[in-house]
């Protein structure tokens, strides 16, 4: 039994971790913390859990580090690294769901996150927890950086193309669309029902932090090939009037002549043994992965325009956050990767 | 292992049965049938199941009755009783999710359903599968009539009051609201997105078939008490712009003097040992039971108006259909009642 | 040309007043005020107005009272009466959209609003601006109290019954459902998209302030008849996952024997000459009045239960707020009542 | 007074034409036709119009061609050209809202629409009714081809770039998102609420008919410049869970060095005198144009990627269909272009 602490109970990431872990056969939630709601029950904050998880929230300061084997940090970036700094030498493992350890260096981090990194020396030691691409780095990891939601969807969409060096690395455009839970549990003008319902818009144009995470993830893939050249992507996120779900539509120009069939075959082959990636023969739909750790991918070649189009769909709170964190836990603790993650899409 | 056939794969009830049973530790889906899609895979009709359930759909005519222990009829009323008629002497059990065996007699059925009943003699032998009220009738049942969605929500909301004879049985008003999946998978003007989105309306005023099902269910409860008088309810269903979920708001006038606390205590006590009923201290919300077999109930007394208000919320496709059917299966086969039904609400 | 000031630009009531008045042939918006956004343009706060209304927001303190003929107070209750107190002797008329002058006395106000009234002496002089019921009181009014959204829908639904004394005044139950704009423009947990979307719930049970407004409005109607007895209603509001729209479903027990036809005829007759009330032959739908000052009403008698059911639908921001305020303006300034209010429902 | 016939009352285009024309000061709807609902009132089919437009629907065969000055064809493609063929020599003008006369030749039409054109000789005589680009062609037109919804949004987004020859005409990618009304009033699996709500997906990949309409429209713009080369676009439509609204996100590579400011200035300048195009300084939102004939445009240059991003938002039923048709009518009959079209966005 893996004894678990979830640090940060208030947000959607925290509640999704509980939703998933509560039925995980090898996990035991020992502690859930919240600094603002210490002393209340978890189900007071998330009433859907009444009778299911009524644990009393504690302060992270009271964590008994001998009592847990794994800590999930479900915290905002910046806050997260404070805990990593404090707990890095503890015997428990850490899976950090924030953006603090996803990038390649403190410099890059500081450029995109506009804040100083507290543990620059640690960055290189923390593997990027996208199992489909870096499974073996995670097996013995002490700390894992759980990927962002858009980067997960995008990297899984483009990995087969980039890893095989078959597209122009400057041609990639990612038109991404996410549900509102991506903006968090906080009540803001952005999350006000009347600004979202019946609406649709782009945001964070040219400046979203996931841009660099995508570029670094794809660039590293390519480096395993011969011709290295940094991947520069156009990344445009949009806000969908739905709770959950990300769909990314990616465009890239092939380096050499290909066919629709060869592209589809490449994807079938690349993901053949992946339990969470479903290669589809038609465009994916976000509702077909809702509530699950699945990533649905579809790739096609448009002969008329000489362009490859790839789409992928994930649930941003599951494969894009809490589900992938549990997948990483499974790997880090030597469990079957799908343990506790075989949810079925809630459709309708 | 209970060997199962699901008759009728096309509708939401069919797909929900699969969603639930696929992870049920003691159930094995042997056959899924569809007369219109025979030969296709289940995931062709419900693409969210790709890689999860790709069974080939067969014809119900080809059912090998030695190979199954239980048949779920996920069919429209009228069609359902044809199969019951045909299969009533087979050795497998039958759980019928249609309205064909829910009422007290063929006469009542024919009055409300405007069609002749094919097996009038069977009606009295088929118990009404609302476990919280009739658990012991179900243990050895050969055929079970699975309750309607509105009647489930309403009976659970009102049972404590009616069973204790504490409200005027002519005073009950049920203002009910359901998501669109209650109208089925068929594409009609009623289910067209642009007629539902941003909209809200009542329908089937004064004539909905669930009215009589509610009245009979509540009347029977009362009959177990001393003072018998048929319950006549005002039942008004409305269509919500959501997929899933029923919320009923019920009003009734007490027979004797009561208090808010005594009402709440009565509910706490009535449902103390029920695993799927959560008595809440605040009004229930449909999203807090989404995807689960839970029924959230809240009761209060308004001193100013001398009226009791009770609300309950269920997921119409789960506790209102497929989940309750599996709960009935668990009982009929001697399993723990919650087996395979411990889903956690999908919120957000 | 009526020269107009709108006090309070930030909320939905303010922006709806602008939406309506900008095309009103006899109105001229002189000033729009906001204390928090003074100096910004109106379209900065409400970007849909870019190029349509780019007026600069001023402070209410700077109002040139010689320059305006009418002031709309689009403010929260409590704040509103401060302005009424200050401006009551000015030569301009005032239409107050808050709840501050809707009730019958300062005592009643203080009981339900839990705050002291600043101008108790004024309350009796301010007519209640529901034109269909009190048109002649409004013609020469200096100050008008614009009704609440729920009371408007409910009073129009029940007026024919109560005014003709044909229902038991203790039997009335109002099950009301409103879109989220009723909760205002403020970002709160209640208005967060993920708490509203796919959800439905009751709120403010037994305690909503509109209860007393409904009771007083209906009681006054009845007093014009012989048998006086205060109307006590059960009022239960619910939150719909839509932006705009209120639907109320009302239940009442008739005093004498009636028929479905006689009820429908009574409504046809009562509202025959009303330009904004449409008596329907089927249940109303909120989308069929969206964006308009219309109120759709449907009444029916259920012989089986001996109960009358009445439903009405309005757009809470128009007939329930800004539209009705303009209707009141038209009356108070001697214009045709429909001037500038002939919007057509936006469906789909 | 322009005497008008609307041919085809059932669809959304028909009902939007009525919504707009009913308040048009210079238009008089003489006849609305429907072959399937002949004899019923318009408000029977579209109940939101009760008391607003209760005209009796007639058959198009009974059209008195002396009684009308203008006929709007609100019909499916293929059906539309039958009426054009039949009525081409009548004295009334025709505005065709279908796709039948939008393309450059019968050959192109037949390739993309997979059907033979009935009046190939007419195609060249019918101007393309996008006023912002071809205003002068429309002044004396007898027949006008009203543009498609996606092509309207896209052409307005890209016209400044293409007309000034400043982008690589092979680099253009259009990632488009539309509300469900674009799929029409018909009840299909695509428009079923439960397939749309909480969902998002691409459709008609690589094959949507609007692709060629966009390419021809943009190519013609460029031909007015020196360097002619056909524009080939990547066009990917997606289905949004909203009723109305299109947002297109376009990407293009500049031919020469430019700046963010120069791009924005180009747009400001290009659309300076256009009453319906609003050049915004932030990304447009579909709700900010809802119910109106406005097109909101935003353009920016991303130095990091050397790419121009342009977004535009329209209401697909107004600027994308009925509103633009009325704008064309205004031009063809010498009226001020904005007559009857000054709706204000319905937000919230």
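As written, the chains take the letters A, B, C and D, and residue 1 is the first residue of each chain.
Just so we're on the same page, a contact is a pair of C-beta atoms (placed from the backbone, for glycine too) under 8 Å apart; a residue touches a chain by one contact, two chains touch by 3 or more.
Please read these numbers as outputs of a predicted model, since none were measured by experiment.
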* Asked: Looking at where chain C touches chain D, is over half of the residue numbers used by both copies, so same, or under half, so different?
  -> same
* If we define chain centres by averaging CA atoms, which chain lands farthest from chain B? Would you check? => D
* **Whole-Å gap between the CA centroids of chain C and chain D** => 37
* Would you kindly tell me how far, in whole Å, the mean C-alpha position of chain C lies from that of chain A? => 47
* Numbers and ranges of chain A residues touching at least 2 other chains -> 12, 181, 194, 197-198, 241-244, 285, 287, 290, 347-348
* Spell out the residues on chain B that touch chain C in their complex, using ranges where they run on. => 170, 173, 175, 177, 194-195, 197-203, 205-206, 232-234, 236, 238, 240-245, 247, 249, 251, 283-287, 290, 300, 302, 304-305, 307, 309, 311, 313, 347-348
* Residue ranges of chain D in contact with chain C within the complex -> 12, 15, 19, 22-23, 46-52, 181, 197-198, 243-244, 278, 280, 282, 285, 287-291, 296, 317, 342, 344-348
* Asked: What part of chain B is in contact with chain D in the complex they form?
  -> 12, 180-181, 185, 187-189, 191-194, 196-198, 241-243
